[in-house]
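What follows is a pair of complexes built around subunit A, which joins subunit B in one and subunit C in the other.
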Partner chain A sequence: MKNIVQKTLAVMAAAGTLAAMPVHAAENGKFRVGVVTFLSGAAAGPFGVPSINGAKVLVDALNQGKVPAPYNVKGINGLEIETVVIDENGGATKQVEEFRNLAERHKVDAVVGYISSGDCLAISPVAEELGVPTVFFDCGTSRLFEENKTPRYVFRTGLDAAIDNIAAARYLVDSGRKVEAIAGIQQNYAWGQDSWGDFTAAIKQLKPGVKVTTEQFPKIFQGQYGAEISALALSNPDVIHSSFWGGDMEALVLQGNARGLFDKRSAILTCGESALDRFKGQASNGLIVGGRGPFGAFAPKNTLSDWFHAAYMAKNEIEPTYPAYKMVQAILGLKAAAEKAAAGKAGTVPGKDALVGAFSNLTFESVSGSVNMSRAKGHQALQGIAYGEYHYDAKTKKASLKNIKAYAGECVTPPDGTTAGEWIKAGFPGAKCGG
Partner chain B sequence: MTTFYAIFIDGMIYASWLFLVAAGLTVIYGVMRILNMAHGSFYAIGAYCAASMVGWYFSDFDGNPYLSYLLLIGCALVAGLVVGVVIEQGLLRFMYKRNELLMIIITYALLLILEDTTKLAFGVDPYFTYQPYALLGRSDIGGLAFANYDLLLVAVSAIIGLGCWLVLNRTHVGKVLRAVIHDREIAVAMGVNVRLMFAGTFIVGTTLGALAGALTAPSISVSPGIGVEVIVLAFAVVVVGGLGSIEGAIVGALLVGMTRSLAVHLAPQIELFVIYGVMSLVLAVRPQGLFGRTLARKI
Partner chain C sequence: MIHIDRSMVGLAAATLILAAAGGFVPDWLAFILTLALAKALVVQGVVLQMRAGLVSFGQGLFFCVGGYAVGMGGHFFGINDAPVLLLAGALAAVALAAVLGLLMTRYRDIFFAMLSLALSMILFGVLVKSSELGSTDGFNVHPATFFGLSFKTEAYKTALYLLTVLLAGGGALVLHLVHHSGLGRMWEAIRENEIRVEYLGLSPRWLLYANYLLAAAFAALGGGLTALATGHIDPEMSFWTTSGEFVFIALLGGTSHVAAPMVAAVLFAFVRTYAIEFTPHTWQMILGFVLLGIIVFLPKGLWSLVRSEKRAKA
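Then we have the complex of A and B:
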């Protein structure tokens, strides 16, 4: 009797386990994608929400076959896209667990996501170990492909953060502004430290003799920058550089503007585009902003970007910022690679080795123009980047960008096999910046 | 010379903000012996309520912009009162005889619950209600511009500090509260309604937390997680000054604010370290904090 009970319980447990396990996406006729972005925490508002909203707009439209060519095939290769959305908040250890869940329990065909550089660095070896095609859409750490020298399953369709700062230095010099003394204010963690290191190295190459008047590294999410603003103002630089993002950036701009910090000098915010419509005139006209690539307000006019802008506005009633474009770019890259790998066999999920093979060195069309996966052995996108000046019209209550200058990818990206630091130190050898 | 002015004024502004944030925490600990981890959530709730109401006022009304300051304070009072009553009556009054360590865990759980509740109520999009901050303009002091709103906060903070001190030291209620602080059991024996004192103190503490959030909201982007960020600083201030002491919180805030300002101007590389450096130094010399009392253990 005891044995019967034990066996019955064992069968019930096994049946329960099977019932709880989703079938493999290929078996239910769908292409299952894990989408990971910040849904809570301080990065949710400026980055996570726009990116997940962008993903929803695109996936819905793809499933209905409403995206313009060359993405007018329904879903991915004719299969409906099914998303499993995960909150990126909680740190790298939690994200590794979530990633394993996506791979082993949800049996996703691919994962798209990750804003935090720490999360990307933690996920990269796990993705390689589990063999899950993974597309990083936003994290900017240069260490991603410096640590993963032989990537197979890991791709990044967003740009390396070093490019933001090399282009920022070029923009300042090219715009003819006075750049003899510079100061920086960065969040005190890897992102801020690396951004300032790349920027100062680049500007010193382009403008020898430039002097650093002060370097401020307040704690991330500090919110109050009174003393830092005084220190910046008293050091009297010609240019203030900041890689601040989210609420910290908005607070710095508000508090600095109220005290006239930006009145008599140039200031450049590498992530400024993400708050373009949120500054509401509290930023000084002429403030230089970047969008971490040709995204958001810097996106080129083409059929795809026009369609996406209209679709996003219709659904969310707010301008899409650069994280939305970057997320869409990653999903479009995945779709292009999967359909190339399927080689015309519609309605099938390509094998993951075929998929990553097709993704390597792929050139695909995106909301930001053509994307060429030509760096890091075909796993890192090569794209241009642009900077421009913020201008606010009090009558229309609209912000716009003026004096935009775009740089080609080859102008601001180190060649394969060379780190950004080495390339800057050597004086940007081989950079193709055109006229 | 300008650097000297800047260090002093920046230090005062930061210290006044720190005091605003820490005042409620130290009041609650002083009277109730509850190390309230949820204090950061009261700050966040005050900030969210104020930011959403002021945002609504400026977008939907064409009224006098200066009325927005009343709205800030009104929101803080209402939010603090409602949250204070609900938490005190609904949860804490059943826990008063529990161990202090258990109360830390309970209030930590409360912090997590309130963080998620705030997210559910206000969403994850940041609130940027700059109007009250920008409205007052700026003043030039020693060749450096300061936002008048920040300077006004120094005065507000001084008024709150003075008010707390006067209530505790110059009123009948204050005398009763001090009796409760010194010996709860004797106070009960003398006929003091300790439960009522606890309820009132907790509501005052939550309101001070909410007021700090509401007054900070116009100068920051109000976003998820702001409450967790301030609680660490608030603890540093009250630990330096001595847990439960208003005078201690004032001196602790001044010490931390001035030291941090000095570091930002003269050695920005160690700015992160100095706050906790000061705290460690004070605790090494006076483990009970600058104004804390060493309590005899009852056996």
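Then we have the complex of A and C:
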């Protein structure tokens, strides 16, 4: 026993020494990036893992200089990219602690990450305080730039979740479906509540007199939706809207499909694209799915997206879904901004202020086409979004999208200075939808 | 006249050393220590209950009340002074505990544990449904002043660190006195044999009621400090995994000395942050192994290392 105690003490002493050891500053001639995404927990499977796989594929290729133009410069501005990967699981308090570690212990040059809206809201003021260029790649809360009104170091290359739901409403109306009675099923937390609020407000604007037959708010990760499916089916709506994601969404689709919930009516899943290859024909054809922007199966065909798709498939077994594309977009944006800020001085890390200056209002090429950082004082990407119908071919065992309709960013994004809620209520003033 | 023993001198010295270290350690370390010591305050409450034979899996309830009191005080009532906010949080928690305690003190063992868990999950459920409070996303906490003095970012963190160190050290001193007072001895007696305590003419229920209130106040202080340090609060504070973490740290340290929760909370913070850094995919496993190791080799917690050495000398 005594021996064991001594050993334990020795291990603890070693751990203490390790803790006291200063980590080298990023003065090793590399560009150090903190990458934060879910590596454990329920959001890891559908979002975290595809995004980290996407980051690995891109960073490896960038370091070897194998990415097509305009990203053929090695790493970032000629410097090798070094990543510090952090798990986003564990709540906002822990994320703030880890963000401070990234900034002050690891001395990262920038941070890319965050899927949870709560984490983004908590990180945003800390990033501004510490002056670390931070790119949010996925979180969708509208409150991000409503609370951080004068962003300097915080950027978001992904889209606001309100856009998903405004576009969803437009798609339903524009495709000439019967939209007289709608029903919703949402996870009972901020994401589900906000999504349903935005969607119902938008559809009431586009189709006055629409009735809500039922709204179901089961708790997140419930998994079994027998009672909710009965309630939805009994209320007999024309359209079912759901912002479910991950395992919950797949469970709803499987259980609802088995009970004929999606027959004879439209159903729209704002995050449906992330499970495109996982439904394996167990979803009904004609189900409307979204990818939170022009990502994943909705990505346009261009040199970058073709390259990324091939590079991703060479290293991973399943198709890249939208979180992988969104992560890649965030890193490409950072690279474009850093290289613009360095102004031709290859092999140097640009100053943080120069970097964020170059990033705001930047237009850069991405796997989703051109990205315009033109909202929220140049800190929020403006991009289009598309919806389409899921179709499964039993012969080829491949899922594909049909009847895709894309909306321009100007059509579905509120102008600066207006919150999404106000904009929808006012009847989308200034929306440019090009017919 | 209070008898000053070695533990008290040690605690006072440790508090002063920690406070002085605030000027030298890097900011990230000071931040980790702030969070760890705030957490240690909550764990003190858990240990307080453990010494009376009760295990709470719902201390997150009062932790969350303390945190939300700080956040809402700044947002809705225009109170921006840290000590006032912390005091308000502690009072709110004690008021809530005064009501809940009437029910809780009727239960022991697993029933107490499960009921405490249920109560904290009720608060979690209510907060998740409150979209005015940001639902699961929570909201940001306004920067506070300290006794009317406002500080810029760097000095703000230092001021908060000092406040946390003083509260953690002061709280530990108070609890040390309480543990060695008649009341503290009675709690231990209840743990050992409740019926005998009744035969002594004392009411275990009201003794435990006092214990419950004191633990709630400590949890709220910890929650308030965490909210001020993080700058953001969300309902996760009252989720059962948060409460589980407090029990984890209490077991890590052991219940025999008031310094144990502080040592354990700091060690836990370091193990976790380095586990996340070195093994981002399996950090939970490392934490699990640490707890397993402690339970197997040091069933009375880390503090038994100190104790056994003393015994060996004697």
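Structure notes:
Criterion: the second predicted complex is superposed on the first by the 409 of 435 C-alpha atoms of A that agree within 3 Å, B and C clash if a C-alpha of one lies under 4 Å from a C-alpha of the other, contacts with A are read in each partner's own complex, and residues count from 1 in each chain.
Following the convention adopted for this analysis, contacts are C-beta pairs under 8 Å (C-beta built on N, C-alpha and C of every residue); 3 or more make two chains touch, one makes a residue touch a chain.
Remember, it's a predicted structure, so these values are computed and weren't measured experimentally.
Look at subunit A after the overlay: subunit B and subunit C fit there side by side.
Of the two partner chains placed around the shared chain by superposition, subunit C is the only one that A:Ala190 touches, whereas subunit B remains out of contact.
By the touch criterion defined above, A:Glu339 lies against neither subunit B nor subunit C after alignment on the C-alpha atoms of chain A. Once the two complexes are overlaid on the shared chain, A:Ala122 sits against subunit C while remaining clear of subunit B. Once the two complexes are overlaid on the shared chain, A:Thr214 sits against subunit B while remaining clear of subunit C. Of the two partner chains, both subunit B and subunit C are touched by A:Leu39. By the touch criterion stated above, A:Glu273 is placed in contact with neither subunit B nor subunit C. Contacts of A:Ser230 after superposition on the shared chain: subunit B is touched, whereas subunit C is not. Look at A:Glu88: by the touch rule set out above, it reaches neither subunit B nor subunit C.
After the two structures are overlaid on chain A, the closest C-alpha atoms of subunit B and subunit C sit 5 Å apart.
In the superposition on the C-alpha atoms of chain A, the part of subunit A touched by subunit B in one complex and by subunit C in the other spans residues 39-40, 188.
Residues 4-5, 8-9, 12, 15, 18-19, 39-40, 84-87, 91-94, 96-98, 100-101, 103-105, 117-118, 121-122, 125-126, 129, 141, 143, 147, 188-191, 193-194 of subunit A are the ones touching subunit C in the complex. Only residues 2-3, 6-7, 9-11, 13-14, 17, 119, 124-126, 128, 130, 133-134, 138, 144-147, 149-150, 216, 219-226, 229, 260-261, 264-265, 268-269, 271-272 of subunit B touch subunit A when the two sit together in their complex. Against subunit B, in their complex, subunit A makes its touches with residues 39-42, 44-46, 48-49, 188, 214-219, 221-224, 226-228, 230-231, 233-234, 246-248, 250-251, 254-255, 257-260, 278, 280, 282.
Subunit C meets subunit A in the complex at residues 26-28, 31-32, 35, 128-129, 131, 134-140, 153, 226, 230-232, 234, 236-237, 239, 242, 267, 269-274, 276-277, 280-281, 283-284, 293, 297-298, 305, 308.
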